[in-house]
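The structure under discussion appears below in the form of structure tokens.
The letters A, B, C, D, E and F name the chains in turn, as written, and every chain counts its residues from 1.
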């Protein structure tokens, strides 16, 4: 029954990492709430850093500034 | 007024199918709840099978295993 | 696999209507995309009319104005 | 940066369970993707079983049938 | 056309504040992207502080600790 | 704390417009609700006009018809 949406920035996330993340979240729902993995959906939405803002700035710009510091 | 988000895996869904789906959902909201189609939004989010997990596994892998069986 | 989120205003939607809506959307996904109902999730989010805006106004106010006209 | 939305049915989930779930998901994002917990948001949406459908039926009815079997 | 979902904690947000927020976001979409307010939906989801986690902790606990400091 | 998801059609939105939109929404949350920009997330989801329906029709078709009128 659970449906989980994970939103992360699109920054070279590997297939392996996505599998590990989906498995870990599914396991947590089973361990903590007894949810059946067979009916647990987990989706990952990878969002461009130009489409994610924090503090009113684009993550793309925040990353660039951080790399220059 | 209604807003509907349909999330499906990105597996060759045709434009025609998406139109049929949007029309069917809009019609259901009108028939059942009397909602005005003119202010009914329906969006479709097609998600890569590497980004959708069920039972802690990627749909990509589930599909491959199913094809080998 | 499909996950559908239906957002409607909280305006005396009956249990029967919600069941009809869920059944209709599930049927459409099966008919149009061949999706298995057993792994089709449909959720309904009923939102207060004070928490839904159109044209920069609250639906509550839009409804009141409409009733006075 | 990550934002995670966990949707589960409203079935007596305790505060302790919700804390454990939030902590586990935050830890997984840190371990697997190196995400900073301080900027990791996790929200839990508890949905009435009358507002969640599977196989075109309400979870409320599925639960009742299961209890009678 | 735009659909905007604003998620905030449920902490005594007044009707007036919600109206101001909806109006401001609708105006920004019109000014910046020329979107028609008449077909701009903005919804506000107020989430309990027990259902929102940051840094793996519940906002309820973060607030209490902050008040004691 | 706030999380805002802005869904708009994918129609040549520029990086500059997305920055302006994110900044305006973040500012509104600070001005109206006193929310700290540093922990305000705003994401933009650009949706293909073939994946957005209004009145049971695809926005792509609505746009074409409008251009022919």
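By our rule, contacts are C-beta pairs under 8 Å (C-beta built on N, C-alpha and C of every residue); 3 or more make two chains touch, one makes a residue touch a chain.
What you see is a predicted model, and the numbers here were worked out from it, not measured in a lab.
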Problem - Least step count from chain C to chain D, where 1 means the two chains touch - result: 1
Fill in the blank from the handout: Relative to chain E, largest Cα-centroid distance belongs to chain B
Exercise for the section: Have a look at where chain B meets chain C and say same if over half of the interface residue numbers show up on both copies, different if under half do. Expected result: same
Practice task
Using the touch rule from the top, work out which pair, A-C or A-D, shares more C-beta pairs.
Solution key: A-D
Exercise for the section: Averaging only over C-alpha atoms, locate the centres of chain C and chain E and give their separation in whole Å. Expected result: 21
Fill in the blank from the handout: Whole-angstrom distance, CA centroid of chain D to CA centroid of chain F, is 27
Handout entry: Interface hub residues of chain D, defined as touching at least two other chains
Key = 1, 3, 7, 25, 39, 41, 43, 52, 54
Practice task
Treating touching as the only link between chains, describe the layout with one word: line, ring, star, complete or other.
Solution key: other
Practice task
Sort out which chains touch which and give me every pair.
Solution key: A-B, A-C, A-D, A-F, B-C, B-E, B-F, C-D, C-E, D-E, D-F, E-F
Fill in the blank from the handout: chain B residues touching chain F in their complex are 15, 18-19, 22-23, 25-27, 37-38, 40-46
Exercise for the section: Using the touch rule from the top, collect the residues of chain C that touch chain B in their complex. Expected result: 1-9, 13, 17, 20-21, 24-25, 28-29, 31-33, 35, 39, 52, 54, 59
Problem - Sites on chain D touched by chain C in the complex - result: 7, 47, 50-58
Handout entry: chain F residues within the chain D interface of the complex
Key = 1, 3, 39, 41, 43
